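As written, the chains take the letters A, B, C, D and E, and residue 1 is the first residue of each chain.
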Amino acid sequence: MTTESGQPVEEVTTNPEGTWEVQVEEPGKYKVALDPSTLPQNAEVRGGNNTRTPTVYEGNCSAVLFALQPKGAPGQEQQEDAGAAGTFWAQAAQLTFEGLNLGLIIALAALGLSLIYGTTGLTNFAHGELVTLGALLAYGFNVGLGLHLIPAALIAVIAAAVLGYFQDRLFWGQLRRRGTGIIAMMIISIGVALFMRYVFLIFFGGQTESFAQYTAQPGIEIGPISAAPKNLVAMGIELVVLIIVGFALLRTRTGKAARAVADNPALAASSGINVDRVIRIIWTGGGAIAALAGIMLALSQNLKYTMGQEILLLIFAGVTLGGLGTAFGALVGSLVVGLFIQVSTLWVPPELKNVGALAVLIIVLLVRPQGILGRRERIG
Amino acid sequence: MSADEAPQGQAEEQIEEQAPAGSERAVTDRSDHLAGAEDAVLRCDELIAGYLPGVNILNGADLYVQQGELIGIIGPNGAGKSTLLKAMFGLVNIRSGTVLLKGEDITNMKAHSLVSRGVGYVPQTNNVFPSLTIEENLEMGAFQVPGKFKERFEFVAELFPALKERRKQRAGSLSGGERQMVAMARALMTEPSVLLLDEPSAGLSPKLQDLVFIQAQQINKAGVTVIMVEQNARRCLQICHRGYVLDQGRNAYTGTGRQLADDPKVIELYLGTLAKA
Amino acid sequence: MHAETQTTPGDRKAAALAAFKDLARDPGVPKPDPILVVDKVVRRFGGLTAVDVEHVEIQRGSITALIGPNGAGKTTFFNQLTGFDTADAGSWTFNGRPMNGVPAHKVARAGMVRTFQLTKALSRLTVVENMRLGAQHQKGESFWRAMIPAFWRGQEEEITERAEELLARFKLDAKRDDFAGSLSGGQRKLLEMARALMVRPELVMLDEPMAGVNPALTQSLLGHVKDLREQGMTVLFVEHDMDMVRDISDWVIVMAQGAVIAEGPPSTIMSDERVIDAYLGAHHDAPLSEGDLETQLHEAEAALEAEIEEETQK
Amino acid sequence: MDWITILSTTIKSAVNVETVLYGLAAIGLNIHFGYTGLLNFGQAAFMGVAGYGLAVTVTVMGLPFWIGIGVGIVGAIILAILLGIPTLQLRADYLAIVTIAAAEIVRLVFRSVTFKDVFGGSDGQRGFSDGFYALNPYPEGDYGFNLGPVPLFFNNRSMWVLTVGWLLIVLCCFIVFLLMKSPWGRVLKAIREDEDAVRSLGKSVFSYKMQALILGGVIGSLGGFIYGLAYGSVQPDVFGTETTFYLYTMIILGGAARVLGPVVGASLFWVLLVLLNGVLSEAVAAGYITIIDTNQVGALRYVLVGLGLILLLVFRPQGIFGDKREIAIDAR
Amino acid sequence: GGGDTATQTSESAAPASSAPAAKGDGTLTLGTLLPQTGSLAFLGPPEFAGVDAAVKEINEAGGVLGKPVAKFDTDSGDTTTNIASQSVDKLLAQKADAIIGAASSSVSESVIDKITGAGVVHFSPANTSDKFTTIQDNGLYFRTAPPDKLQGRVLGDLIISDGNDTVGIMAMQDSYGTGLADQVQKTVTDGGGEVVERVDYDPKAADFSADVAKLKAKNPKGIVLIGFEETAKVVQELVKQGMPASKHKWYMVDGNMSNTNYEKMPKGTLTGVKGTYPGAAAPDEFRDKLLAVNPKLEDYTYAPESYDAANLIALAAEAAKSDAGVDIAAKLAEVSKGGEKCTNFKECVDLLKAGKDIDYEGVSGPVEFNDAGDPAVATIGIYQYGNNNKYPVKALEYRTGNIEG
């Protein structure tokens, strides 16, 4: 061991555990060299470099480490290459899974948004808060009242549906009656978002919380993927809900009525559709679905009063990418967004992962300005 | 001022200047409008209605229609014909006046509840659901009687074979005339007892215009009360029992279709002479 | 005819009629002085061929009507020609200049302006602003000059004057300062047409300009359209109102199922069996008496039934 | 309750730098949204590009202040062009999302560790405003007056920023006023209503939209400069979507497509915010409100801001200057 | 900091002399600029509680200069809004002599000119960005949160001593996270370990699975988690992706060392996880103090630093016999070091009144300011989580050191 300038300080031999200790007089940079010839046979320093240059500060100690590995394992380099390729694909598989996981959550939230946008034309910036609301309600029933998460989640979804109903009944419906314009409503929804988000902050606080069950559930290995059972169940539920709602919109009378109202409320009324009722059903369903999305998000991640706001952009991206106002568009678009966010981290730094997804959004819309499943309008 | 006083050879300009001054020519005695209005199926009394605050489009329009009658409403552009239909159907806010349907006050009642009372309506513009297919559009027409859809669909498909071929095409991509067919067909999906038609023939080929007028008559013959707004005024007056001429939100003339069609002032101001030439 | 008693038929009308006099009645017949020449334009939507026009020419200085059953492809054809939609194949020239692939606004600038069947009023602009927008070569439409009113004041006044004249003609002067969004259906049609005329195009393409317009007003406007011809404009219009077609058009082109099936002067065309069959129906100019009406009704019913039967047999 | 402070801060906030910088950005956005109908949700990115353009030029490259301003404006123009080429042909609602996305990309790049050497990571850049303050004509000291017992004073640095800022606002409003009265403005408004109709009349919709995007972006970039200069620093998160949301709120509050709408909206927004904040925190501190504690004051203020916003728009959907008729026309 | 270069110091004198709030008015007025809203809102309650606890004690001990200390609370929000600036305006209007805040380095940066320009002390309990060491601040900026250097060094050393030859770092992407991560990375590398993966993640990201997958691909022995409460999500993800604390060695830092955050996780999730936390002793007693002020308190991050900040300002005012910001700033370094050691306001102020030079030893550490207004000395405790996902009051070991070395 020497000082930075090379004056020798001391030479030591490790004890049987391989540790050693040197007292130095002054703080400063030191150089620790390991004599490879003293190593046991068959061992060498990993990386081959057998000097270390720690800085020792006054009154402190400083540790150095020489990692050893078996000597000259033949074909080591190649093995590493093969290993790297292997991990790449394993990582890609894992990320694809994560992309689907995230994408489905986004899709669920996006479906709620898309329903409401589709029927009322309202770009609801408070939708993120509806998502948060679901999670917080479930948390309240789960942690506050001590119910198990599954019944708590069910009650929360129902409660959110009821709230969705009353939200339209008492608020948005009244605004529509007054003939409030779409843009004014959009800004009002920003107001509602602020209002709700900070009510959450007041009652819930600014910290991150988790449900009482299923938190930090250990993953199980499925091929190259490790997934927590809760993720798999959640994904199943999400998929089922998405498909049911998607088909309900396409096939059921109320679903068609919802699309009719979206197209032309006055004409829908003229056809005998109770427009207010349809919109109320959509709000009820949309609220419930948003809440479910919130619970799923909280289950997969955690709860925070801003959780919905933080995912809102992705929701919007999903809805738009798929084509505004179509349920299956929301699904497809969100999956693409989810996948791109996760898989793009193979190449871009994770801090920029949203950049990848958003860039894809822009590129897709360049090629298909009406979204993936959207249709062009006829001119003239 | 009347058209007769104007110098010859200036007829064209006359028409422009003769912005009808409402009350002047209008039958001042309102009882005229509503003579024989007892037991009317649908009856409007002095409707005042408008879109923007402070601007009335209807300034006391009266109208009645008896069971099984076919009524035509004609008038210049912007007279308020569509507004009158919309007001009756609960799509424009009525500021004063009443609408009675079979004796029941339906003023400002919501459109969908009128539908369940047997009133049907074909709007003038925006009369299809663009993102729904033709079939779904028609399904919406039968919204309150889903069980009847199949049967009625067959019926309208016979009337407009083009629609059946294209049943899966989205209405938003249809041509103007095809849309008009969808709109008409949509209203025919239910069997309303009162049908309000706002320019049902506009944009249709002559052949189909014929069909529309014939249909209107046939439906009417089957006992349906029809109120029809038309710019194809001559055809309209030919088939209707009675007609109203609306100008500036008021009734300017009323009478039987034939009376109106032959009235020189009506011809001068509203019908034009082109079709006769 | 009011309009005709007032003005003696102009030279242009005579010229147009003369030009058409000796033409063959075949679809796609060459015209002596075509302003627009269309070749093999095809537009498909999925399995549906909406437009498949082999060859068509529009005579300069004439009023040409384009008629055809609903869904024949007239509007789609307009869309192709004016750059609002991209044709799958085909080429066309306007004033000898190839126009395929030219964006819509350049087509309009070249002097070929169309109106929309489903009107496009600029809702939150007043009627007169809608009109002013139509004028071309406005100095004030360039960003830098816009900031200095002195550059464009004079021109603006001139434009406004022109706009007001047109508005009066189209009976919209009372609505001058109302938002276009508050117009009735028919008024929108009128505005749409008036605005297109503000462009002062060489060729104006009107898509059902008179659908929903009051007949009396239609009549007075026809005079105006004829005036346009006198001013040297070429008019191509789609219309289902046969009275109007008969009254003002010099030449009629018939489209069905995307293709041009017949051409000719109005009188000939309207007695053409195929056209009556496909388009006009039996009673487009039937007499108008009470008794006739009844028979007409029955006849029509019978015809309809026969047709339906035919359909179902197919 | 310290009413003097509440009044003084509230009144000052009506003209303070926040009002100025949001006002400028809102004027720009009003050109996009109010007049042209472009639902640009990326206005914050224009501010950011300008602020960072200035900051990076001065601090990282060591070039003079004026060059920084130039770089900022050129940056905004380039952003407008880059953003415009792919997006201006999109339908309004798609445009909204794409602009949000683009703005987020810009923000994430500014804040990324990868580019920390240039943009300074999440803390941003500082130390570029000296050139600006070197031009300050106000000698040291405070400027203002007492309104009764309420002191309304700004120090010389603030005065300089405010003077420049308000001059810019007046200038921008004047330009907007001139433009929107002109045929050029008419084309923009027509585009807002129906692009196809405008195309059919021979106007190049794309070109006008691009001009509007650039003009609004450049005016927005002035807001970014004022931010950077007033605070002496730029941080990436300032230029997030939230800022754009607030800008929209201000525009709608003031009245869209009105020359003074955005400025009045910005002023009103901040007055509302500061007033609520002052009253609430004083009331809590003085013990008038006991159901909430200090930690919740901030949240409660936003709750009330949200509520205020809702009520304002419910009862005056056209905003302060808006035309009720215009709102009534557009019932979808 | 106070260590501005000569040219800067000459500039700095001027505004201070003319600044309105600089004139002492006899009452020490403290303003807080701490997060009530925004992404750091969870840091607000402990920070406010720290200040409140200190002010309470100070006033119980007779106040400063014979008068009770006045305090105004304001919201710093986060940088997505311009709340902080408005809050500062309000505090300046209320003649604050010193402003405690903000939590976020970015927010502090956006208002430092305004605060120090008015001759007011800007004292942050939580800023760790090393920018503030060199920032131009007229000598009025101070902080109790040690710059990342010492903690990073201690942590890096700990990781090496534990024999982790391969290390993965997950760091929250802001000045706190990246600063600390840089230091850990440097120490580890110098000590012979290899940082095989370093992931800077966006704390607002919708989820962290991709970030963790990146670590997983490198399978490091030791995993360093640097961040705030969002670490709970990272932990979930680590467990899910098969890298639990039982297989890998996890390390945490003060930002995410929490006894409440991981409570609901299955027992044993964090067993053996080590972490570093600045501050010398007995958090328990101190926590009771805080709970007396705010019984709802769950988290204690930066509470000690806030508490020390308030105490130091009060002591400096007392020492300067003036409540003017500039005077306080001039004395802050003096009361923090060199002299008779004392650990709370009462004790210290008594010594001061007795004419003695004092050295305030805070809850967060010894707190000795260097010329830049940064703490020069700090004590870092090394704690280890038990089976119940909590860490004990008593550290495994404490390391005190000069930050600069």
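Here are a few things to note about the model shown:
The rule is short, and it goes like this: a residue touches a chain if its C-beta (ideal position, glycine included) is under 8 Å from a C-beta of that chain, and two chains touch if they have at least 3 such contacts.
Quick caveat: nothing in here was measured; it's all calculated off a predicted structure.
Where touching is counted per the definition, the chains common to chain B and chain D are A, C. Of all chains, the one whose mean C-alpha position sits at the greatest distance from that of chain B is E.
At the centre of the protein atoms shown, by the Cα-centroid criterion, sits D.
Averaged C-alpha coordinates give centres for chain D and chain E that are 33 Å from one another. Between the CA-based centres of chain A and chain E the separation comes to 29 Å, rounded to the whole angstrom.
Per-chain Cα centroids separate chain B from chain C by 26 Å. Per-chain CA centroids place chain A at a distance of 55 Å from chain C.
For chain B, the set of residues touching two or more other chains reads 51-52, 173-174.
The set of chain C residues that touch two or more partner chains comprises 75, 84, 116-118, 182. Multi-chain contact residues of chain D (touching two or more other chains): 108, 112-113, 196, 296, 299, 301-302, 325, 328, 330.
Within the complex, the chain E residues that touch chain D are 14-15, 18-20, 35-37, 41, 44-45, 48, 52, 72-75, 77-83, 85-87, 89-90, 93-94, 105-106, 109-114, 117-118, 129, 131, 135-136, 173-175, 178, 200, 202, 294.
For chain D in complex with chain A, the touching residues are 86-87, 89-91, 93-94, 96-98, 100-102, 104-105, 108-109, 112-114, 196, 241, 245, 248-249, 252, 256, 292, 296, 299-303, 305-310, 313-314, 317-318, 327-328, 330-332. The touching residues of chain C, counted against chain D in their complex, run 82-84, 103-106, 108-109, 113-116, 120-125, 129-130, 132-134, 136, 138-143, 146-149, 152, 156, 179, 181-182, 195-196, 198-199. Residues 89-91, 110-112, 115-116, 121, 123, 126-132, 136, 139-141, 143-144, 146, 170, 172-174, 186, 190 of chain B touch chain A in their complex.
On chain D, the positions that touch chain E within their shared complex are 2, 5, 8-9, 12-13, 16-18, 108, 111-113, 116, 121-124, 126-127, 140-142, 151, 153, 155, 157, 231-233, 235-238, 240, 242-243, 246, 270, 273-274, 277-278, 281, 284-285, 293-299, 301-302.
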